[in-house]
Amino acid sequence: MGDAARARLGVGMVGYSFMGAAHSQAWRTAPRFFDLPLRTEMTAVVGRDKERVTEAAERLGWESTETDWRRLLERDDIDLVDICTPGNTHAEIAIAALDAGKHVLCEKPLANSVAEAEQMTAAAERAAARGVRSMVGFTYRRVPAIQLARQLVAEGRIGEVRHVRAQYLQDWLTDPAAPLSWRLDKAKAGSGALGDIGAHVVDLAQFVTDQSVVGVNGTLETFVTERPVAASSSGLTGEAGEGTGPVTVDDAALFFGRLSGGGLASFEATRFAAGRKNAIRLEINGSRGSVAFDFEDMNVLHYFDGDEPGATAGFRRIVVTEPEHPYVAAWWPPGHGLGYEHGFTHQVVDLVEDLAAGRAPTPSFADGLAVQRVLDAVERSSDSGGAWTEI
Amino acid sequence: MGDAARARLGVGMVGYSFMGAAHSQAWRTAPRFFDLPLRTEMTAVVGRDKERVTEAAERLGWESTETDWRRLLERDDIDLVDICTPGNTHAEIAIAALDAGKHVLCEKPLANSVAEAEQMTAAAERAAARGVRSMVGFTYRRVPAIQLARQLVAEGRIGEVRHVRAQYLQDWLTDPAAPLSWRLDKAKAGSGALGDIGAHVVDLAQFVTDQSVVGVNGTLETFVTERPVAASSSGLTGEAGEGTGPVTVDDAALFFGRLSGGGLASFEATRFAAGRKNAIRLEINGSRGSVAFDFEDMNVLHYFDGDEPGATAGFRRIVVTEPEHPYVAAWWPPGHGLGYEHGFTHQVVDLVEDLAAGRAPTPSFADGLAVQRVLDAVERSSDSGGAWTEI
Amino acid sequence: MGDAARARLGVGMVGYSFMGAAHSQAWRTAPRFFDLPLRTEMTAVVGRDKERVTEAAERLGWESTETDWRRLLERDDIDLVDICTPGNTHAEIAIAALDAGKHVLCEKPLANSVAEAEQMTAAAERAAARGVRSMVGFTYRRVPAIQLARQLVAEGRIGEVRHVRAQYLQDWLTDPAAPLSWRLDKAKAGSGALGDIGAHVVDLAQFVTDQSVVGVNGTLETFVTERPVAASSSGLTGEAGEGTGPVTVDDAALFFGRLSGGGLASFEATRFAAGRKNAIRLEINGSRGSVAFDFEDMNVLHYFDGDEPGATAGFRRIVVTEPEHPYVAAWWPPGHGLGYEHGFTHQVVDLVEDLAAGRAPTPSFADGLAVQRVLDAVERSSDSGGAWTEI
Amino acid sequence: MGDAARARLGVGMVGYSFMGAAHSQAWRTAPRFFDLPLRTEMTAVVGRDKERVTEAAERLGWESTETDWRRLLERDDIDLVDICTPGNTHAEIAIAALDAGKHVLCEKPLANSVAEAEQMTAAAERAAARGVRSMVGFTYRRVPAIQLARQLVAEGRIGEVRHVRAQYLQDWLTDPAAPLSWRLDKAKAGSGALGDIGAHVVDLAQFVTDQSVVGVNGTLETFVTERPVAASSSGLTGEAGEGTGPVTVDDAALFFGRLSGGGLASFEATRFAAGRKNAIRLEINGSRGSVAFDFEDMNVLHYFDGDEPGATAGFRRIVVTEPEHPYVAAWWPPGHGLGYEHGFTHQVVDLVEDLAAGRAPTPSFADGLAVQRVLDAVERSSDSGGAWTEI
């Protein structure tokens, strides 16, 4: 599609660290590999520190900067606000942006509480009535292997879902000397492993099965309750500074639940799984087969077809890099795998296509709220000794 | 050691199907590869049907037969009773044998209820005072990779245990048309996946960490409540006969718990994991490293040494077939792997060495009771909606 | 089948170290799990040292001993001679035994030279005319996953064979301080990695494809030409003694060849692949699919079905432990894997069934000769700088 | 580094299909994640068809277009010519560009013949004397796991190299109905699997070991000699048109060689390995350890440390996504893997840093020539029945 034929979409991004870098790469890359129906522009990036945001804009490729996100809402050249800040700021920015008529892409978790997420969802629904769209950034949905898993489940290839086994294992807090960061501060992050990474596997489980978790029994644990303060506030990890401070979030979350279709699901999220770097594992067993995924081998989906004769049945290691696979035709030949950041590019592609088509993007704020309610139920269950807690 | 120097150990085995075949192979093989301190003899096998037990004795290599297990207790040439029958018969046979002065090797689960297991443990303690020994058959403890895992944990190589992740996944009930067997009958089997296979992973978790599970939250599920009756009563699976009957045990069990050392543990046992045949998976994450095992690749232990520099740290795939590894020197050169049945041979070796040395073998009936108490707590927790249940 | 209905087969085994232990376990185990048509008896074992062979007989379960293998040929209670000695003795023993009317099972490689192998094959053919049978011990053929691979190829499931990729990787000579053994002595072993382990992968390639290698280009290499003498002569490895001696065989062999059906095959055999313990790897690519095997995961076959739609095509990890799989029904339930020694048991089963049925067993001496000719061509090619050498 | 402080580097790229897209993404991405010492600009892209190159420029992000590559040499705003065309055009463009004082990045294989490669290398040396630089695009060198492998070898962590095992397996020609493309035309591509993908593994073997291949025995094979003509000339595969034409290159290449340090190396390159999509496999066994890599799991390096005690030795699965690993600190947190295209970005980074520092980039044209000489020796060896052919 030629430029002349395409309407412009001006993007303003709030925040520019880990998530900001990933989103920037996506906005920059999407139009180069996909024939987008809108002409996306990286119009402005927002950060509180003028000097640092200016440096970020140059490095990440944004045309202008702001030091107050509210300025984005006043600018006519901004059509969409992309929120890449910690969870405690999501509600205020998103609701204001939607009310101002800006589309919103909001990083996960949607919010730090169910109450905030409900307000955001209400705002999203009000906005949708006016054609203003919103999306929450569960990008792992857009790994081709995960999309393929969902397709196979939807086509009935694994039959009725009996088991979901979902884990998100990291190890960056294993060392008690690892310093504090905003991710360990309940006021900013809302929760720890539960909301940061558990949110992803809850969303993946619901997305791939197209079912919801209806109740849980759960427990939370903080193994190391006091850590060195960080020398600098940015980054996932970093150098230790002087003194120590309390960890106010969970280090690990363990829960099991029931799916709306009657299956069982077990979940684990931890930052203490020594040797597991970013192991997002999802296995779903059905009455006719299974699918299994591990992000440490992200271009692969394992699929067991229970209809195969016993002599030749086995988990197939599908290298999800064929042109038939979701998103793949736009990229490289078979076997030339994608990486972590490609999920963000696919997110931009889907979002822009939905905006152009006037469709509601997914995952919606309501989907984000659904995840939030599961997380909240896990916290409440944990507080009551792991008792059954409905959602 | 020459025969003359070794005392005789006459063995009487009760039951001769799946477990009986495995035990027979072990009694037959152990003295061929290991220098046993006692001269073991496969003296008698017991079965209710004269014709069938006679056929079994010939096939499996037992010198004589009995149709009533009580006869073993009267025979002077029987020193040890090896119990390979369903769980509902364990208590009666084991207690009588111990009281009659016969050593006892009893298949797992120790019993179908905590009450029975307590009586058996009391009997074992009474017997021990007279030098009469007992052991419960958690043979997976004797897979070399599991022994190595325990050694590494005991040596502090993974530090303080944070997480245990234990699963036992099978799929032989996935098909709703799979017929009933005694394993689906609560009266005989006591429980379903929980006691049959969950018992193994509870024991492995406790064995490898040398800690106990102090409380659980759990849920049980029976996905298929009515199945065809079996054409014949024997065997793990088989042909369907006419009519249907109820499944009175669980198809799957999901629980998490706390370890005595403060770590978290998650457990799953299911017969509905399509494509997973006998996947006994155990991963333990500690403050300094991790170990991971999967019985589908039983000659391998994965070990992560967290003290390695980051650039070269990674899970080591240790092929546990070196002469340095437990039990291995007696077998084949490196890389020539062992199979399922070797655990039973190692069990015989350890048991016979303990008997000769006057040591109490492990796992003891008390160890079996400890597992039983965990299983019981899971059932009680499940009955109360998954509430926290101490052990 | 009852004992009365079965004719007796008296076995005399020559040699009792590594291979002798494996064969003994097979003779002992086969009748316990398989319904053999002959009543096998472990009648006599032969070794030059009276004391040591007596100890071996007791340990391995043989009824009598001889110190000269020629005595077996005179004994009426010996029906079959099982040769487990180094390759330089095979021809003499096997030919004499066949001529004396004894069936022969001969360990691989059939002989240390083509000339010897030809004489043995001629003897085998003479004997066959009188109903006297012979077999060479390529036991890896009898790993269930290898049998399944052959079945799939025979059924056309991978189409026309394009590539064979066969490797046998060990590492026990990596350390230059590893001492000498008979396996490093050309006079006894004939060749090094080539004949000891390369022979296996040549046989597997020919067996699974049902094609023969028609010519090769090859090279041999001895990386360490002088080693410590061994403190004792037995065993695969062992303690070093005083002084050093020359290594007179190859440490590694590398060759590629053409198959009779037009495909390409590459082979490698080495004892210098640090970290690879007994990695027998075989991958076959055809016009419609592929099969792949690695003995380090011996209960698994990987199968790629090229007729699958691209979106769900992938190598299937078939756990070859289902009752439908070759040999497996006699053993354990699905997922309860077999070990190295089971191939030897299957070899006994097939041999005994062939003897009872009056069929020629396979692999025949002619099959062993075919392998020998390939090995010989590799040596000749290596001598001529790797020139093309027909077989 | 601020823009003002950095000199400009204007890039002109010739060709814009598969390689052109990969290079464009690299030029676009490198300055966003790495602090480049030059200010790179995507100044011009060249294609013979005005309309198509214009469309490509817009899609891939180039500022201007040319329809004749010679125009680049006349433009002052072009500092570097990036050659992404088929091999038969490399020599002419590269030599002219270098002689015109433009730096050159040339896709592999360097040329279609040794003679051309020699002329190019001579031109590169002439140019270097004037500070004009050249580099050949073996991008797989810049996969972090490959860099780590080289580091470990260079540090002596695997000792003296005994074996290299290098394979590049694809399957896109398995189907005889796959149509012709320029890659199957000797006039354009020079050779088939040998030069297209074999070149990569020859380079990787030489790069990781820091040794050269000094001689080879090899064979080439064309399994399918006639194929449908393609409906369109572009792309790796595509729709079939009418009629058939000859395949004039090899489908597969098999060769083994000697390394300058005395080790053995085996190589295979094929487009007929059904189920293998882009399996670049490299294993190196040394006297103290091993490294192993498979591009199908590109973020992982397997490392065996032979100095480990036997009980805990094993191949470590190093997830090469730690900040300590080459290139990784610029990207994402641990476990967030990279994809195929990142190698191209790293190539740009290294090239630009070398240009700014006045260093000769690697791999140089001489390195490309060294690979070309190996490929040529393989062809000559194949023509002489696989005879030993020195390089």
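Lettered A, B, C and D in written order, each chain numbered from 1.
By definition in this document, contacts are C-beta pairs under 8 Å (C-beta built on N, C-alpha and C of every residue); 3 or more make two chains touch, one makes a residue touch a chain.
The shown structure was predicted, so the numbers you read here are calculated from the model rather than taken from an experiment.
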{"item": "Furthest chain, CA centroid comparison against chain B", "value": "D"}
{"item": "Separation of mean Cα positions, chain C and chain A [Å, integer]", "value": "54"}
{"item": "Chain A and chain B, separation of their C-alpha mean positions in angstrom", "value": "42"}
{"item": "Length of the line joining the C-alpha centres of chain B and chain C, rounded to whole Å", "value": "35"}
{"item": "Residues within chain A bordering two or more other chains", "value": "276, 313-315, 319, 322"}
{"item": "Chain contact graph, described as a line, ring, star, complete graph or other shape", "value": "complete"}
{"item": "Chain C to chain A touching residues, read off their complex", "value": "148, 152, 301-303, 305, 308-319, 322-325"}
{"item": "Residues of chain D defined as touching chain A within the complex", "value": "3, 18, 21-22, 24-25, 28-29, 31-33, 58-61, 170, 172, 236-237, 276-279, 295-299, 319, 321-322, 332-342"}
{"item": "For the chain D and chain C complex, residues of the former touching the latter", "value": "158, 162-163, 165, 167, 169, 171, 174-176, 217, 219, 221, 223, 252, 254-256, 262, 264, 266, 268, 270, 272-276, 283, 285-290, 304, 306, 313-315, 385-388"}
